[in-house]
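The structures considered in this document are given below.
Here come two complexes built around chain A, the first alongside chain B, the second alongside chain C.
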Partner chain A sequence: MSTPPAILAELSSYLPVALIVVMAVIFGVVNLVGTHLLGPKRRGERKEQTYESGMAPIGTARKRFNIRFYILAMTFLVFDVEIIFLYPWAVDFTQLEPMSSDATLFFGRILFFILTSIVAYVYAWKKGVFRWD
Partner chain B sequence: MMPPWLPQFLTSVVVILVVLHLCLGAAAYLILLERKVCAWVQDRCGPNRVGPMGLLQPLADGLKLFVKEEFMPKGVDRVLFILAPIITVIPAMIGFIVIPWGGYLMLGDGQTVSIMGADINIGVVYLIATGSLGVYGVGLGGWASNNKYSFLGGLRATAQMISYEIPMGLALLCVILTAGSLLPQEIVARQLEGQWFLVQQPLAAIVFFICLLAEANRAPFDLAEAEQELVGGWHTEYSSMKWALFFMGEYIHLVVGAAFFTTLFLGGWSINPITGWDLPQTGGIWLILLQFGIVLGKCFLLIFFGMVVRWTVPRFRFDQLMKLAWEGMIPLSLALLLMTSAFVYFGWTQWLWAGSLGATVVLFALQPMLPSRAKANRRIGLVGSRFSPVEDESSTGVIAKN
Partner chain C sequence: MTSNHLWFLIPEAILLVGVVFTAITGLVRSTSIRQSTPVIAAIFVVASGVASVFVFSPDHLDTTAFLMPALGRWVGVITAAVGLVLILNSIGRVDRRLEQAIAAGRLRFDPLRAGRGEYYAFMLLSLAGLMLVCTANDLIWLFLALELTSLPTYVLVAMSRTNRLAQEAAMKYFFLGAMSAAIFLYGFALLYAATGTIEFDRMRYELQSQAANGGLGALAIGGLLLSLFGIGYKLAAAPLHLYAADVYEGASAPVTAFLGFVPKAAGVLAIMVLLVATGLSELMSSLPYPILIMLWVVAVLTMTLGNIGALLQRSVKRMLAYSSIAHSGYLLIGIIAGPGLGYTAVLFYLLAYGVGNTAAFSVLSSLERRGEELTSLEDLAGLRQRHPLMASVLAISSGSLLGFPPLLGFWGKLLLFIAGIQTGHLVLVIIAAVNSAISGWYYLKLVAVPIMASPTARSESVERGPSNWPRFAGVIMVIACLVLPVFLGWLVAESRDSARTAQAVRADSAQAEADAVQPSDDSGLFTALPPLKTALQSPAKR
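Up next, the complex of A and B:
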């Protein structure tokens, strides 16, 4: 079974994306390999310490970090997924006749959707998720 | 016989090659411009030794960085440490291809090709996605370095990026609701026949510009590399071309961000901010070059504005930065989104600018009802400093003196 031409045309518009990704990867790799080959290499006990303002580093840096970052990331996920859902809605909504019954349905549903997440947002705010002190 | 997609593909390749070289050259010369602007703001001379007026400085810097020792301290995660600069520079470099640098070029046989890298139908969503991918490099680089400063810088960059991503997406939604399309060429076409979206959606434009500065990690939002607090932040342990790739990524990000803003709010190559006569979208090669020049000019002005902002506005404290995003810009952009969709529903699209101002008034009226807000500028005691000492240091996690 052959692929329909419409899908082929659709895919061909993504060819430049593949091209630029390949170019960017080559650019990055060539730069790193070039500088690896050209630069001098001198090693030493002191030199290989990480730089922490001249103090001898204590322990590893990969410690556990504050839980706030985690809660913040969860809140971000809620909003970001919501925004992703809103993009196709926005395009379809603007094609409709203003104040028509279809538009009312579209508008009402998305209003409900946004208002639910606003309630969640205000709840998180009251809980103190956004306080950093 | 040529397949029908071939002319568009060849145009895309030409556009990609031209703009990519322009971006890389711009990244080098923007650093010089940045230093010159900095010197101008601070009443100094700036770099002026290498070549006339210091114009060869970027070449000297590039050569120097290329032959510097590539250094890796002990205890780093080798794979991620090497990958991080590449992961930063790739999203920055692939972003620009959905920017329309000109309208449609008329070919000999009546066919038209779009002057952009890739005419893909997800349009601006692609750009927002690649723009936020850049933070992976920063976060991973900070984590892999095995340095506390780098780690803190990476964490800060990540938290900052995800916070400013939301108002950016909401401001973009306002534009999409106004334009009715995700395609950059369509968004520009709406602004050619009507007003610029800067005029229709002034507040969304301001929110978007602030988010651009924050996403590009530029002052006043450069908490991730705050020199006075974190040495160099996430790139403390990086040297030679690995370090340079981080910076190239940052400056290309800046160029792409300015071009994105130009497309969304400044009407691309439109020269008339209000309704009326404007440049045609389709034409011959000279019109296309003129359009390209206008877009570049607008980008340059935006970048210059960003640089002046960088050297005149002091850096935020981290809690202030988070407060601005979560308690200021997100409510504002949510109100703008609700206002825009209501105005689209009632069909009052020519009154959006009044709606923007109305949304601000409503927010200010609602402010006493919002959850309690701590004062943004209050002092926070540094635990364990000589001004606010703690009795038992072991209880705060600070390592006791021997």
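Up next, the complex of A and C:
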């Protein structure tokens, strides 16, 4: 085979990526080894603690959280994502001619989109997500 | 194209509206509205089944770009029919303890503890996923449809929160399912790498030209192998069948019935769609060699391991779990036989298997022992004396699953075996027939133990379940097993029409224009199925 297979030619375009990966590895190793060799070594009770600054750690890291935190966070996500979608809509909406049929359609679509989120809101409300007792 | 594609999503849209309604009515304070949740779910399932008949009617199909244009009609209807029964099976079981406590005045209704709305909503979502597989026209669509089918089932298994076995089952099911999704997604990525497109139409063109120029490339073959292997998890096909017994045993009986049909059907249909996307059609139905070997080995392993596993079980649910693994093996025969007769047989078998399997699980859903589900075969001993109706439902449904002649399951197996023989896979069919004989041992146990054995102390305490709907569902399905064979010619014609690939449809319409002759309107078994006729007339022709 005189010419290299097409796949090799494609792979060669990934050369910069490979270079970055190699550099990242070298950077990490050099830093670790460097601090190990060059850094001062002072040991002590404070230094061995979780927070080296001297703040006393409280309790275990495997503490359980109330499930309500997660549920509330999920509900927040629904509306957060909805708002992100509203921005591009708002930008485009101003470009349309007022009261034209396109604008009405565009408006109706976003109303439908908001309606779907309202359904999610009603569901969460009924489910008692917002009750905190 | 997009607005056209939206038209074909009407059945799924109906199901999604149903999801919204069931999720909210399950949370209403009024008990009577809450109890109507399954009715609402059932109405929406029936509506989507009816809609899929109209949506996929012949005058709309001219404009589609689907690989198998009419697939959605057959699948929509059987999904709705089996889905309806699966919903009826669950009535009275969901949130049972909570509702009893509320009725007795011990508890006030707490929406955070109620799972009724979510249960039916997730069922509808999963059914929608199954229907979406049929209209898939690119890889991402197919992946999302498969995951939409599977993700709700993980939650359904985990929904019995107080049952430790169910929790364990859900964990196993979820993590192994995630792994299988990763495997077939990797396969999809390789297919994309091989063809440079995710659209099935262009992928088919690309792969066909590859095949014409010295065979499919290594990337395409590797991608297909990984995809089929990963999708095999949904079918519980060997070697990814190991989860099935534990998960089916841990889940409650209605959920197990659901797992036995919906993910399995989605997996089989996904394999069909994917293989058609590689250029397979009635005109060219030879699989690439590595794929053929892989499917062959998987089919043989699946049916053999499934049947041998079922022989060893004492728990009815585990036995049915292994039997469903074996049925996946039979279905793979149709997949190997390829488009045309093979896929017709697969679609027909999905109906026969769905009806038989859900009927068997209806029996388990409608009976209980001290408020717990029946587990071992002993619980069924002498069932005939106290619950004659359920004993006969179990007998007929296991007869159908075994393939006992006049019942629906027999015709399903017959079609699969004929398809296998027609395409020259005689050895495979012989192995399947031997397996069928092996399966007689445990299916006949399901017939004999309830009818002939004398009741034991355990089975004396078996009572009716909380609701009569599962009994009704079981009886309906058994009637279907008995009556549907009468309409065999029509059913086979319908499943054949649904299984046709776009290429065959195009070739046929070109042929019809050339001939300008109307095809015969007679839909008897022999005209519906010319290969069956030739197979019966000339057994020497192999």
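Operating definition for what follows: the second predicted complex is superposed on the first by the 72 of 133 C-alpha atoms of A that agree within 3 Å, B and C clash if a C-alpha of one lies under 4 Å from a C-alpha of the other, contacts with A are read in each partner's own complex, and residues count from 1 in each chain.
Criterion: a contact is a pair of C-beta atoms (placed from the backbone, for glycine too) under 8 Å apart; a residue touches a chain by one contact, two chains touch by 3 or more.
These numbers were taken from a predicted model, which means no experiment stands behind them.
Asker: Contacts for A:34 in the overlay, against chain B (first) and chain C (second): which applies, first, second, both or neither?
Answerer: first
Asker: Go through the superposed model and pick first if A:55 touches only chain B, second if only chain C, both, or neither.
Answerer: After superposing on A, A:55 lies clear of both chain B and chain C.
Asker: For the overlaid complexes, name the partner, chain B or chain C, with more touching residues on chain A.
Answerer: Per-residue touch count on chain A favours B.
Asker: Which partner does A:25 reach: the first (chain B), the second (chain C), both, or neither?
Answerer: first
Asker: Contacts for A:122 in the overlay, against chain B (first) and chain C (second): which applies, first, second, both or neither?
Answerer: A:122: touches chain B and chain C.
Asker: Applying the touch criterion given at the start, work out whether A:114 contacts chain B, chain C, both or neither, answering first, second, both or neither.
Answerer: first
Asker: In the superposed arrangement, does A:83 touch chain B (first), chain C (second), both or neither?
Answerer: In the superposed model, A:83 contacts chain B only, not chain C.
Asker: Mind sorting out which residues of chain A both chain B and chain C touch, each in its own complex?
Answerer: 122, 126.
Asker: For the complex, give me every residue of chain A touching chain C.
Answerer: Counting only chain A, the residues touching chain C are 119, 122-123, 126-128.
Asker: Can you check the complex and tell me which residues of chain B touch chain A?
Answerer: Chain B residues touching chain A: 4-5, 8-9, 12-13, 16, 20, 65-71, 73-75, 82, 85-86, 89-90, 93-94, 97, 117-121, 125-126, 143, 145-151, 155, 158-159, 162-163, 165-166, 169-170, 173, 176-177, 179-182, 231, 236-237, 240-242, 244-245, 318-319, 322-323, 326-327, 330, 334, 337-338, 341-342, 344-347, 370-371, 374, 380, 399.
Asker: Which residues of chain C touch chain A in their complex?
Answerer: 20, 23-24, 27-28, 110-112
Asker: Which of the residues in chain A come into contact with chain B in the complex?
Answerer: Where chain A meets chain B, its residues are 9-10, 12-17, 19-21, 23-25, 27-29, 31-32, 34-36, 38-42, 47-53, 57-58, 60-63, 65, 69, 72-73, 76, 79-80, 83, 86-87, 90-91, 93-95, 98-99, 103-104, 107, 110-111, 114, 118, 121-122, 125-126, 130-133.
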